[in-house]
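Each of the next two complexes has subunit A plus one more chain, namely subunit B in the first and subunit C in the second.
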Partner chain A sequence: MAKKIRILLAKPGLDGHDRGAKVLARCFRDAGFEVIYTGCHNTPEQIVNAAIQEDVDMVGLSCLSGAHTYLYPEVVKQLRDRGVTDIPVVGGGIIPDRDMQPLYDAGLKALFTPGATLDSIVDWINTNIAAKE
Partner chain B sequence: MEELGKRALTGDIRAVSRLIRNIEDQVPNTHEAIKHIFPFTGRAHVVGITGAPGAGKSTLTDQLICSIRAQNKTVGVMAVDPSSPFTGGALLGDRIRMLRHADDPGVFVRSLATRGAMGGLSKAVGDGIHVLDVMGKDVIIVETVGVGQQEVDIINHAHTVLVVLVPGMGDEVQAIKAGLMEVADIFIINKADREGARKLYKETLSMMDMGKFPSGWRPPIVMVESNMEPHTFAKSVDELYEKIQEHYAFLKDRNLLQERAQLKVQTEINDALRSAILEPVLNKLIESGEFDEMVQKLLKKETDPYTLADEVAAKYLVK
Partner chain C sequence: MLFTQELLDKSSLLRKKWEDEVKRVVAKNPDQKPEWSTVSDLEIKRIYGPEDIAGMDFENDIAYPGQYPFLRGVQATGYRGKYWTFRMFSGMGTAVTTNERWHYLLNNGQTGLSTAFDFPTLMGYDTDSPKAKGECGKCGVAIDTIEDFFDLTKGIPLGKVSTSMTINPPATILWAMYCATADIQGIPLNQISGTIQNDMLKEFIAQKTLMCPPDPSVKLISDTIEFGTKYVPKWNTVSISGYHIREAGATAVQELAFTLRDGMEYVEDVIRRKGLHVDSFAPRLSFFFNSHIDFFEEIAKMRAARRIWAKGMRERYGSTDERSWWLRFHTQTAGCSLTAQQPYNNVVRTATEALAAVLGGTQSLHTNSLDEVLCLPSDHAVQIALRTQQIIAEETGVVNTIDPLAGSYFVEALTNEMEEKAWEYIHKIDEMGGMVAAIEKGFPQLEISDAAYKFQRQIDAAEKIMIGVNKYNVENEEVDIPLIEIDETVEKEQLERLAAVKRSRDSRRVKECLEDIKKACEKGDNVMPYCIEAVKARASVQEICDVYREVYGEYRDPGIY
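On to the complex of A and B.
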């Protein structure tokens, strides 16, 4: 058996800040994960369909424009609507403190903001995400 | 596991993607699911697309999906990108070009990493094709990594192989000489906006004039317009799809489909024997520590690889 952690990394909405997402995509590859990067301007529907077709272990969302309050919970909700409860959703970007708790309440598993080290992110994934059976 | 196979047969998307996942991860008993679906395979037209990285394979695949969907046929895609030999990780970036099809239930796209396999594909491609086939996809497109000239495994899996060439890559035509010639069913000159496209077309054409085509199929050379001109691009890819269908019809008419199928079946028997015979023996040797002992013996020149292999065969293979 040769299990690998597979991650979908996507930028929902109209935000064009893709530097962080690209840095993460490379960082994930270097950490030994398989990362499917779908770039900017993804709709929540596209993200959910991709997550299902790719059978990933985690969905990572990156948004720096402020639209996370709507887009992140929407992805979680649509996954649940499709009966998918075993794919955790993790987010990052410019997320003010006041938005944190509501996002966790909406089902986000973890949130990372500027300054989070790449090591801490990889550690979190290695600890909390297991390649699935 | 057989259950997963049954669900895949009904087109259940989660079952299909999990099954492909298990094939990739080599989860024990996945073969049970394949046994279950195997009798129902062989319906789909499998199209391979190969060519250097950056040649535009994914962009073409995206447009080809449009041409195929316009005829109301369903599409499955397997796009392979390389795993890092250092970390085992992989950056799979083909899907980014096919995003617009993400919401179309008639399209299923799966990204695969090579996971150390040579030959431009992932080991999971062979069985993955079966899964997409039995889920009911009419056309299956397999995009290879596209690194080198040795990358010809695709011929074992596809009915129709597209080789994508782009101008300005110098040794392209050399590459054709070196082996892609035998693999290609259709040549594509891509990125027509780039300087040298016509020249490359002419060069490829004169290469073809020197070729021999025992099957009777002379691979056509299709010029695909720049993807930056959406209208002409779409039109030329429609024409490409016509050629692809012509090739498939040709194979059917001449009973050559069987020949292609034979290549796949041979590969499959090889792989299945390997996993049924060689792998369990190797695993036992590794678990028992015998493998390490053998390595040490060889290092000290106490024996040779062939004697060792004979000993292992005598011990594990019942004649």
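On to the complex of A and C.
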């Protein structure tokens, strides 16, 4: 049997709007991924620690406070600082157009904004993320 | 019995005839879809008639406004004496910026204030905490010390305008700042009026601004209720909130049930912990509901809420003061019903939801701005949202008569059904040992997760429709909404302000005050008088919250899904 894709879902910062993250956690579980959801209020450092310890294949971030411009790149940066380059980071939320390019430039692998269906996100993962051997 | 047997017999006869006709037509032209339900998935019948409400008792179930069980409203005069309070939730950047917005709203005919705080303030951190980095002023106003509070309330007559503050874990502190500011201005505490949200149970269930574990969190709330009862009698010390429960994905029935059961938990705690009589404090408990897009479901929910609360207060807690039976509530239109796509459509959604809130008998209303799904609202968008309320109040005529939908077979039947389903939840939570116990088991959290996931699947499958999301989409839409940006200079400015306060205050005095709060926490005394002294001495929000965290422990979101 093929190894399951392991995903860390995390909410960086102080934002507590976790509806989207929890819906995705269930969706990923139903799609056959292994999901680690760490709840609200994680610092970038906590997220990076969890990603390394759990040896995940992808990190998904959700933040709806407007602090994504700082927090998402910070997670990518801290992963790199720890020498981790094989865990892609993706983000979701209401991300204004003007923030998109800077976030991609900072190393976010994909961004999912309003209107993205659950199936489209699962498809993206199946296409772009492979379980580590 | 509402109807005579003769009428029911007649109705039954005519209904049979109508059903035959429906069958004949549907056989030729089938309905557009097999099932019709509310946004919360409550199934709705094609028609309702006398037989659907025949079991109701006019005196005990309906009656008149201002009469038990208050189905038709708590005020005898309805909106003729006074409209609901037009209360727009606002806060952004620094206290100075927010103060400007407040004056703008008051000049536009707003009748009450409502404060949005930024995340660090909401969570009990100062702007200079590493946890606050990147968040300052983004979702609301940053308040670190009472100096910010002075700027926030500059030129606002605190003895005249009622102010609502959406603050939960640090509610004791922000309320202490309000009380201290009034005191310094020479306004007696028994003259100030307003509301602190101060509802921690729904934080564990839904909104997740968290600090201490459930039991000490409820203790702090009981402290405020006790203090308010004694010294600030015009203040609503808790706004028991369904809004966030609904936004987290709950159904209307779940919102209704969990909110009212939260309210009952506070009542039970104050009676047990403080030894107060229910009627000494219950009249100041207030509520806060969501008004979602399903028009009649919302109206029925608000009507049912009043009846459940009245019955519960009388029957469960032996309350004999009518004012304790009144469920008074603020309403906010549903943020989660708005769409980032084709955002101007949000004006229509908000107007529909606001109309439902008014027909449901709200005492206070916030209408969302069309751009709130994208960013903090612009002045122009806020003005349209406020005008929406004013048009409903002064043009549409819906305020002319009280509870105009009473007696509608459908609305009464739906109200009854929602009440019945809510009681089932309430009894289930009773059996678990109350709401704190239910939260510790993850019960309400999981019920809401189920509903949220199901709804998202229905949206993705276009079984429920959101215009612009899964129907009538516009390809490559250009959104021409001006986005307000809170840039990094706000954080820099706020850091400088905080540093200046910390430099100039008497730090020995601050330390003494914090020590007093710690002792009060350890002994189980009421913290409010000590908080007022501490904020006057310029202790910061985080400094006081750190005391709470130290004594009571810190609560981490278990991430139940």
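Please note the rule applied: the second predicted complex is superposed on the first by the 131 of 133 C-alpha atoms of A that agree within 3 Å, B and C clash if a C-alpha of one lies under 4 Å from a C-alpha of the other, contacts with A are read in each partner's own complex, and residues count from 1 in each chain.
Going forward, a residue touches a chain if its C-beta (ideal position, glycine included) is under 8 Å from a C-beta of that chain, and two chains touch if they have at least 3 such contacts.
Computed from a predicted structure; not experimentally measured.
In the superposition on chain A, contact is made by A:55 with subunit B only, not with subunit C. By the touch criterion defined above, A:23 lies against subunit C but remains apart from subunit B after alignment on the C-alpha atoms of chain A. When the two structures are aligned on the shared chain, A:67 is found in touch with subunit C, with no touch to subunit B.
Once the two complexes are overlaid on the shared chain, A:98 sits against subunit C while remaining clear of subunit B.
In the superposition on chain A, contact of A:78 is made with neither subunit B nor subunit C.
By the document's definition of touching, both partners, subunit B and subunit C, reach A:37. Put simply, subunit A uses residues 25-26, 37-39, 43 to touch subunit B in one complex and subunit C in the other.
For subunit A in complex with subunit C, the residues that touch the partner chain are 13-19, 21-23, 25-27, 37-41, 43, 65-67, 69-71, 74, 94, 96-98, 113-115, 117-119. Interface residues of subunit B facing subunit A in the complex, by the touch rule stated above, are 13-14, 17-18, 20-21, 24-28, 83-84, 87-93, 95-96, 99, 102-103, 108-111, 113, 115. Residue ranges of subunit C in contact with subunit A, taken from their complex: 119-120, 122-123, 125, 130-135, 138-139, 203, 207-210, 247-249, 336, 339-341, 373-375, 449, 452-453, 456-457, 460, 469, 473, 479, 483, 486, 556-559, 561.
Across the complex, subunit B is touched by residues 1-4, 6, 25-26, 28-39, 42-43, 45-46, 49-50, 52-55, 83-84, 131-133 of subunit A.
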